[in-house]
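Letters A, B, C and D name the chains as they come in the text, with residue numbers starting at 1 for each one.
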Amino acid sequence: MPSPCRIDVHFHLIPPFYQEAVYAAGAGPAIGRYPDWSPERALELMDQSGIALALTSLAQPGVQFGDPAKAAALARRCNDYASELCRRWPKRFGAFAVVPMWELREAVSEIDHALGALKHQGVCLFASYGEKFLGDAYFDPVMAALNERDAVVFVHPALHPSSRKLDLPWPGFMMEYLFDTTRAAVNLVFSGTMERFPRIRFVLAHAGGLMPYFAWRLSISPMIDARLEQLSPADIHARLDHFWYDNALSPTAETLACVERIAPGGHVVFGSDWPFANGRVIAEALKTYQAVAMPQAAREAIDRANALSLFPRLA
Amino acid sequence: MPSPCRIDVHFHLIPPFYQEAVYAAGAGPAIGRYPDWSPERALELMDQSGIALALTSLAQPGVQFGDPAKAAALARRCNDYASELCRRWPKRFGAFAVVPMWELREAVSEIDHALGALKHQGVCLFASYGEKFLGDAYFDPVMAALNERDAVVFVHPALHPSSRKLDLPWPGFMMEYLFDTTRAAVNLVFSGTMERFPRIRFVLAHAGGLMPYFAWRLSISPMIDARLEQLSPADIHARLDHFWYDNALSPTAETLACVERIAPGGHVVFGSDWPFANGRVIAEALKTYQAVAMPQAAREAIDRANALSLFPRLA
Amino acid sequence: MPSPCRIDVHFHLIPPFYQEAVYAAGAGPAIGRYPDWSPERALELMDQSGIALALTSLAQPGVQFGDPAKAAALARRCNDYASELCRRWPKRFGAFAVVPMWELREAVSEIDHALGALKHQGVCLFASYGEKFLGDAYFDPVMAALNERDAVVFVHPALHPSSRKLDLPWPGFMMEYLFDTTRAAVNLVFSGTMERFPRIRFVLAHAGGLMPYFAWRLSISPMIDARLEQLSPADIHARLDHFWYDNALSPTAETLACVERIAPGGHVVFGSDWPFANGRVIAEALKTYQAVAMPQAAREAIDRANALSLFPRLA
Amino acid sequence: MPSPCRIDVHFHLIPPFYQEAVYAAGAGPAIGRYPDWSPERALELMDQSGIALALTSLAQPGVQFGDPAKAAALARRCNDYASELCRRWPKRFGAFAVVPMWELREAVSEIDHALGALKHQGVCLFASYGEKFLGDAYFDPVMAALNERDAVVFVHPALHPSSRKLDLPWPGFMMEYLFDTTRAAVNLVFSGTMERFPRIRFVLAHAGGLMPYFAWRLSISPMIDARLEQLSPADIHARLDHFWYDNALSPTAETLACVERIAPGGHVVFGSDWPFANGRVIAEALKTYQAVAMPQAAREAIDRANALSLFPRLA
């Protein structure tokens, strides 16, 4: 039994009123129906999995569904709900705020509220909104607000509308989620967004989508295509250096080695993806992760210490 | 200087008449314009890169552009052209045939011609045609023909139409190509196509797209989503075992380790992706690949011996 | 700070009366003078180093000094002293008995007492007595007694007399100790002693002396010299498989990898060599050991679980 | 079949007149009797083993046997014989001169002759002469002569007289050889000899004896014993940095990793130890060595390039 020391940055909350609203709009999560969720079930899973504290976030579709006019109010209610968990179990929960992105004014306002009054640990942004991906200049007002606050941004995958055109029967979490996160990461790097808003710390879900696997290819892309900004491999790696990664559903030694090649400063934090990753899946992931050969300090860093350097208030 | 022993399974030909036809249809390659190509330039790059023999293939868009009625004739002409290279330089070139997939009857007929009369070493299929991906039952007649011939199928990425809806400025080769190959690989596995046509050997371009990076996630996907066929991780790995991989544009130790975790039998072959990967890019890739720590026999296997086990006639 | 879970199999006691007797005989330890020792200092070091329980043993010269007629009585007194520590701190100490080897009858008798009445966890034998090394048929009566009791034998280095002829100024612990253990290990393997007394579990100090470094050479020695029993490399490795190793003063990744190559079943246990390895040395060793990349379960096995499989009564 | 590119620094010659002299004195090699030797057999083994060029040396006992008054003349004759091989097969043989060490004046004189007139690539010294080991100040006149010539010294094990007192039946090459080399290496480091004669390059046979396995222990020895010169671990590692190593009879990945930890500059060269390692043994060693995972350039360095940096005239 692991000692309960882990800080989990990829842990979902599903407030009952939120679940109802999603179903009422004919939407739902990538796995079809929501799994059972309650704070007590959350704590039970955490105890079983050595998780001392979990930073909650809303999964896709966030508040981007149904009536746009209601998104800001729903976001506020969800964020207040998350704060209530933190108040009730202050040693067990933190929160990434959901942001209503249909109106950027509303987004900035909710960021102010969540990071200010509510003292959330950061915000959760989706990798894409519509067909636009993080890194698009359209989102700059939000990025400016986050940069000003030295915010931690947890980048969670979504499903862009055109992905529904694919003639494939597989649920989004199997592949498209990963592609979504990957596109956001690449767009943040090559659009220069990370350079313009250097104080934001982006934490990429699921070991960076798939980006670490082909980071070499990215690093020489300007050599392949003269139309790209002629960044050197070193330039590109310097930008990649700023990302953080959670290890949710990505527990193998090989995957971690790809991440560590581009995240030399130890930018890996623990993530479980509960409850979409159910208890059985998390137990398998932990077994695999614990079997990875690593120095004792490296394991303690992923389990806890790296998260504390992102969120010193949790210490 | 490497000794010229390598067999390159990912090497493109661009017949002059083909390039004209693509441009005339307003199409082009993922990097915009075709690079200079001639058999002599090909041989020069091969000599510089230790490549004894290259198996040529047509890159995307293959013959899927312009007037569908002309696709079969264009495919025939391209395949004959490739055979001409093999006749003229029998020690230096082999060929993967292009297949006209708009009409499956035409596809089967061209497969018969290319693998029969022309004695090509295999065929090149794109990962997707329209919004359908390899593994779709629609392609079964082609798979049946290939299975009957114990064919080697080189799976090369394409760009499905809906990917153009993405509001992103990056050329397809940077990411979408990799997602395309990945979807084909996953669809071949989970649709059961590989089980139904077990005699086909699929060689996935670019280290499998991105699939090896998240093979663990794939292996537990049925635990996450009860709607999926309830294959065990061992079942899924047993299917993955059948894939082969080229290492074009994927030379790092970490990427190779991900591949080898799911390809225990040594199913990795050398690929360069010339000329879309130009000489400078290939030199960088070779430098990185040669710096990977591996047993001498493992290197010789990737460079040459594994390809000979796929293509014994080349010995 | 490590949690205090380790079981230390290489931990010395220096009873005050014993130290006086050694000095009185003009003898002493390999480092010249005895370091300060008391049970309280021992417990302090254990607490600092995450050591829950230590198995004590007498270092060289054991009771092989001075008047042979007094050796048996001194051994008895030392073993009773060790038992007293175990009684007083039953959760913190276990014991390997010292054996008076000048008279094998006395040796067998003390083994009976220590493993029977005193319930010591095993015995400590020196790698050599005089110019004879463990494995010499001369010691067979002792081996027979140990085999009958399924004993654990901790093999600690000594200094054979002829090593004093070496015209070298370095203290024995720097090299000769390691050669001594190595000779015992090789002699146990090639003399067939381990085959004849298969129930003894031998724990080799200091990562096996140096034997794991040249195990390959040992495995092909019969190919080099026809006068040797013509064991195959597999035969020799099968014999090596039975050894256990402590990691005292041997904390690097490279050294451990050599051991694990020949001890596939996880036969490595934790050792500190206190107080000859003083607190500063042990802190350095722990730092190095903790930086070795290993699965979580492998570390827990070395720290504790492997020792419990040798000494189930400690659980 | 390996391409014949290797430079072998550990390759013995056994001139017929020398073998007779050894037998006549009642001496012999560590394996009892000399194996068959001739230049033609040597070339045959080299061709089978990918060895382009071998640097010959006399094994133990060198010329330290029989009548001391004849040692210098025998050394001269052996060195002239080695030169004759080099003249006859200039692309296949180089030579390390044997040095008559009973009279240091004779030793210096023969060094002058061999490195001057004969242009040998270096000299072979034994790790010990009598009970003295390299590093002993007694040998300083020889070291001074070698330092002045920037000589390469191949350190080959011998058997010091007191080792015959060991009550063990195993031939010297099984263990005592390795201890002998190890003592020389440690003595060279801790005596300060390497500091005083910094221009000599010492190549240690058999992967350094056993020294790389316990280099960590050496590095903290001054912390254990206050009587030692209080060198820091960094000081000691800086001295170890100067050694070179051959990989004769030491082909495993684990052994090589120990060496590379203390020889970061790539100071490993190829060695076979023929004919004491016979063809079957060398084939096994090559199989194991070739299975070690290493970058292509690292393998080429061990096989050839590192030797060329020691012996640029061979290029």
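Brief remarks follow.
In this text, a residue touches a chain if its C-beta (ideal position, glycine included) is under 8 Å from a C-beta of that chain, and two chains touch if they have at least 3 such contacts.
All figures in this text were calculated on a predicted structure; none of them were measured in a lab.
The minimum number of touch steps linking subunit A to subunit C comes to 1.
After Cα superposition, the angle needed to carry subunit A onto subunit D is 180 degrees, rounded to a multiple of 5. If you average the Cα atoms of subunit A and of subunit D, the two centres end up 58 Å apart.
Remark: subunit B and subunit D have CA centroids separated by 51 Å (rounded to whole angstrom). Separating the centre of subunit C from that of subunit D, both taken as means of CA atoms, is a distance of 33 Å. Along subunit D, no residue makes contact with two or more other chains.
Judged by the touch criterion defined above, the protein chains form a single closed ring in which each chain touches exactly two others.
Here, these are the chain pairs in contact: A-B, A-C, B-D, C-D. Note for the complex: subunit B touches subunit A at residues 31-32, 130-133, 136, 160-163, 165-168, 170-171, 173-175, 178-179, 182-183, 186-187, 190, 206-207, 210, 212-214, 216-218, 220-221, 223-225, 227-228, 233, 249-255, 257-258, 261, 276-278, 280-281, 284-285, 288.
Listing the residues of subunit C that touch subunit A in their complex gives 3, 290-299.
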